[in-house]
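Read through the structures below before going on.
Two complexes come next, and they have one chain in common, subunit A, joined by subunit B in the first and subunit C in the second.
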Partner chain A sequence: MVDHAAGQLYTIEGIAAALIMLVTAWIVLGTTTMYTPGDTHISDMQLEQLGSDVLAMMDTPNTSLENRAQTSDLQKFIKNNYSAVSSPPGDYHKGPELFNTMFLSYANGLTNGRADHLQYAATVYYRNATTPTGSYEFSRTRNITPGDHAVRVTRWVLIDNTITSGPTDYKSLTPAGTAILDRRWQEVLVEVLIWRG
Partner chain B sequence: MKHDTAYLSIDFLAGFTIFMVAFIWVATMIPGLFVNVRGTQIDYDAVAYRTGVILTEDPGWQVDGTSEWEVIDDARVPEEVKRIGWAIAKENPGVLSAVKINRSFCSTAFTYPESYQDKVIFGDMPYRFNISVLTNGTTYQSVGDIRPNGAYGYIRRVVKVKQMSDSTIPAYAFMSEGTSPNHMFSPELNITDLLFKEQNLAYQINPRQESTAINITNVSWVYGNQSNLDYFDSGVEKPVGTSNLKVRLLDVNITRLNPSEPLVAIPPFGHEVYIDGGSTPVIPRQSSPVVVQENVSILFNSTFFAAEGKTTTASRIFVNFTFGLWNTSNSTYDDGYCINSTFGNNLFRYDYGSPWVHEPVLEPAILEVAVW
Partner chain C sequence: MARLNDDAQWIVLMGFLISLAFFFLAILLNQSVVVGQTTAEGVLEFPKNDIRDFHTEVVRVSQANVGNFSDPRSQGILADFQNLSMNRKGAVASFNTSSAQPGFFTAKVYKINLHYSNGVSVYNETAYY
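Up next, the complex of A and B:
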C-alpha cells in the first residue's frame, strides 16, 4: 500500500486544494472591478434619458404663440425637410440641417461650456395613402458601425400638413422630391439612434 | 493492488466533487459578487438620476401642500420647504421656472450642503454632490463641490427655462392727442385676464409668480413734438440738453381694482424706477422729480404682487407714471403733448398679443447632477 501510494490524491488534500482554489477565486474577484454586460444598462439609461429629453425639448414650443399654433422646432424641421424648387427662400427647406444643429447643441452641451461627443442617426417613419409604412433617413452625423453601441429613442410628432399653398409648401418631400405625407394632420415616428463616438 | 497507479482514487473523486460543487456555487454567485464590487457606483448613479428627476419634473413641495416654495422667505425656508423642484408644474416636465432655479441657488436661504441634502438629494448618507445649470449657453449657476477624479454618479438632462415677460412701450405710440397740463400714463395688468387667456403655465404671464417689467422708451420723442410750445430755435429743434423743456417724472404709484371694491393704492407709495439705463434706482416724487431724457424702467420682482394685501388673482393693477413738462425759462409746468393714458384713450394693456409686450420665452438649458 505504502509502496504504491505515489500519484494518489487523498481526501484531505483534495479538500485543501478546493479551499485554496476557492480563496484564490474569491480574492481575484474581490480585488478587480469588472464591467459586466448587466451594468451597461446604467450608461444606456443615461443616454436614453438624454435622447428622450432632447426630442421632448425640441418638440416643446418656445412661446405662447407657437404653442397655440402647435409648431415646435421639431415639427417645423420635419415638415420643412426638402424643397421642390431649387433655391427656395428662407429656411423652409433646411429641416434636416437645422435639426442637426439643434440636436447636437442640446445633446452634446455640458454646463462647463465644453461639448460631449455623441453621434446620432435619425429616421422618420410614416404612413400615407399609398405606403402602409415607409421611412426615410432624416439626418445623421455619420453611419453607425458594428463597433458602436447605440441606444434607441423615439417620439411621435404631430405634423400639420394641411396647408397647400404659400412659402411653407416645401414640406414632406423625399430627397428625390416626391411627396411623403398626405394633406392632413398626421403623426410620424421619429427614431433616433444615439451612441458615443 | 500492484496495478493501481493509474486509477483515480475514491479519495480524489470525493475532493474533486467538493471542489466542483463549491465552484458551481461560487459561479452562480458571480453576478451578486459584482454588485458588491460596483454597488456604490450604482447607488450614486441612482441618486443622481433621482435628483435629476426631482429637479426637472417636480415643481417642489412646501409645508402647506402647494408647490410654491420659492416665495417662502429666508427665515422660514429650513422648516417650510420640503422639496426643491424646478418644474413650472407637474403637467410640464422639463419646463423649468427661472424663479425657482434662482431661489434654490440663494445662499441666504439654503445652507450648503445640509439644505440640499435634506431637500433635494435625500437618502441617509451625506452624499456630496455638484448641481449645475447652463441656460441658453450663457447663464451658469451651480452649487456643490468640485467633482472628484474618480468615479461618481452622474446624470445630464436637457430642459427649457421659462424667462420673465417684459414690455417696451415707445412714447410715440401713447402720446396725448391734445395739449394737457396733466400727464398720467397708466399701463394696466389685468391679472384675471392674464391667467385666463393662457392657461398653460409654461407660457402664462403671471405677475404674481414671475418678474414683470415696464420700460417706457423713446421719451426724447416728446421733446420734438410740442407744436404749441416754443421749444424750437428759428424752426430748428434745440438739442435735448439745451432745450428749455425738461420731461420730468413726478411720481410713480400703483393702484389696484378688485371686484366690487373701490380703487386703492397699494404700497409702497412712490416706487423705485431706473432712469435712462442708470443702475441706481430712484424714487420720483412731486417734491423731488427726476428728469428723463430717453427711458424709464420699472421692475417688479416675482414676489412683489403676491405679497400679503397687494393683489389677488382677480385684481386689475395700474402702474401710474405722472409726467410733467417743465419749462426751465419760467420754472413752471407747461401744457403740452406728452405720454398720457387719459387724454386720447391710450390705454396700454400688459397682455398677450400686444406688439409692445415680450411674452415669456422658453430657453434651452443643460442640467448636470454629479453625486459621490
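Up next, the complex of A and C:
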C-alpha cells in the first residue's frame, strides 16, 4: 500500500456501501413486529375501561348524590331481585332483566350506529351474618366457554335491604327463594366478566 | 463510482435521501404496532377504577347517614367492604366517616378517611365535603 497508493477512494466507497447495506438489513428486519398474545394488554385495558365506565354510568343517580333519596339504576336493579312467591306486582323481580337491557345498550353502542358483540356474566358477592363471602348469579348473556378471553370489572353497590315497603312475602334479595342477604343497609360487590363473542 | 462515471450525482443523492425517508417511515410503522402497550400495562396494573369506585361508595355511605354521623349501619358496611375486598380483590380496604369542622369551614362537614392497599399500590385519602 505504501508504494502503490492508489484506490483508497474505492476502498472507502466499498466500506460505506457495506455499512449502508448492513444498516438497511438491520432496519428492515426491525420493522417487523409480531402482535403476540402477550400483547393483548391493549385490548384488555380498553375492554376493562369500557366495562368500568358502563357500570359507573349505571351507578350514577339522576341527580346529586347529596340527596339521600336518590338511588342509581344499578342500586335499583340489584335490589329488585325478589323471587316471586306469586306473580309480583311492579318491578320487584325485574332487576336482572333491566340490568341486562341497560348494560348491553351501553356496552354495545358504537359510533357507527351498529352494535358491538360484547357478552357478559354478572355475579353479586355479599356478606351476611353466617357467610364471610357468598355469591349468587345475577344476570348473563350466555355461559362463558374456555376459548373466551374475559376481563373482570367490579362495582360496589350500596343497597337498603331493610325492606320497609313492598309486599311482605318477598323475603329479601333471593334468587333461589331463600333469604340470603341480611336485613340491613349493606354493600355488595357486583362483578362482571366481559368478553367479546 | 469513483472515476467510473461522474454524471447524474444528483439522482444518486436524491435516491439516497428518499431511501433515508423510507427508513424513517419504517421505524414509525414499527413503533405504531405496539403503541400504548406500556400505557395499557400501567392502567391494568394500577387499580384506578377500584380506588375511584371505593371513594364514590364511601362518599355515598357517609351521605346516606344525613345528620347522623355515627349511624351503626356503617359498621356492617365497613365489614362488607373489608371482607369482599379481601376475598375478591386481594386488597385491604378501610374507611371511616365522621363530621368535622376544620378551621377554614364555617359549618360542620362530612369527613372521610380512606385506606386502600393491594400490596402494590397503596392509597390513603382524607377528604371533607
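What we mean here is this: the second predicted complex is superposed on the first by the 147 of 197 C-alpha atoms of A that agree within 3 Å, B and C clash if a C-alpha of one lies under 4 Å from a C-alpha of the other, contacts with A are read in each partner's own complex, and residues count from 1 in each chain.
The criterion applied here is as follows: a contact is a pair of C-beta atoms (placed from the backbone, for glycine too) under 8 Å apart; a residue touches a chain by one contact, two chains touch by 3 or more.
In this text, all values refer to a predicted model and were calculated from it rather than measured experimentally.
Look at A:127 in the shared chain and tell me whether it touches subunit B only, subunit C only, both, or neither; answer first, second, both or neither.
After superposition on chain A, A:127 lies in contact with subunit C alone.
Looking at A:186 after the superposition, I want to know if it touches subunit B, subunit C, both of them or none. Which is it: first, second, both, neither?
So A:186 only meets subunit C here.
Can A:63 be said to touch subunit B (first), subunit C (second), both, or neither?
The first partner, subunit B, only.
Scan A:110 for contacts with subunit B and subunit C and give back first, second, both or neither.
A:110 sits against subunit B, while subunit C stays out of touch.
After lining up the shared chain so the two structures overlap, which partner does A:13 touch, if you call subunit B first and subunit C second: first, second, both or neither?
After superposing on A, A:13 lies in contact with both subunit B and subunit C.
Once chain A of both complexes is superposed, is A:49 in touch with subunit B (first), subunit C (second), both, or neither?
Both partners, subunit B and subunit C.
Looking at A:148, would you say it contacts subunit B, subunit C, both, or neither? Reply first, second, both or neither.
Neither subunit B nor subunit C is touched by A:148.
Taking the two structures together, which residues of subunit A meet both subunit B and subunit C?
9-10, 13, 30, 32-33, 35, 39, 42, 45-46, 49, 56, 65
Which of the residues in subunit A come into contact with subunit C in the complex?
9-10, 13, 23-24, 27-28, 30-33, 35, 39, 41-42, 44-46, 48-49, 52, 56, 59, 65-66, 68, 125-127, 132-133, 153-158, 182, 184-189, 191
Going by the contact rule set out above, which residues of subunit A touch subunit B in the complex?
Residue list for subunit A touching subunit B: 1, 4, 6-11, 13-15, 17-18, 21-22, 25-26, 29-30, 32-36, 38-39, 42, 45-46, 49-50, 53-54, 56-57, 60-65, 67, 105-107, 109-113.
Under the definition above, what is the set of subunit B residues touching subunit A in their complex?
These residues of subunit B touch subunit A: 1-2, 4-5, 9, 11-12, 14-16, 18-19, 22-23, 26, 30-31, 33-34, 36-38, 42, 45, 49, 52, 93-95, 132-134, 137, 140, 142, 154-160, 198, 200, 202-204, 352, 359-364, 366-368.
Where on subunit C is subunit A touching in the complex?
Of all residues in subunit C, those touching subunit A are 1-3, 19, 23, 26-27, 29-30, 33-34, 36-37, 39-41, 43-44, 49-50, 53-54, 56-57, 59-61, 63-64, 66, 73, 76-77, 79-81, 83-85, 87-89.
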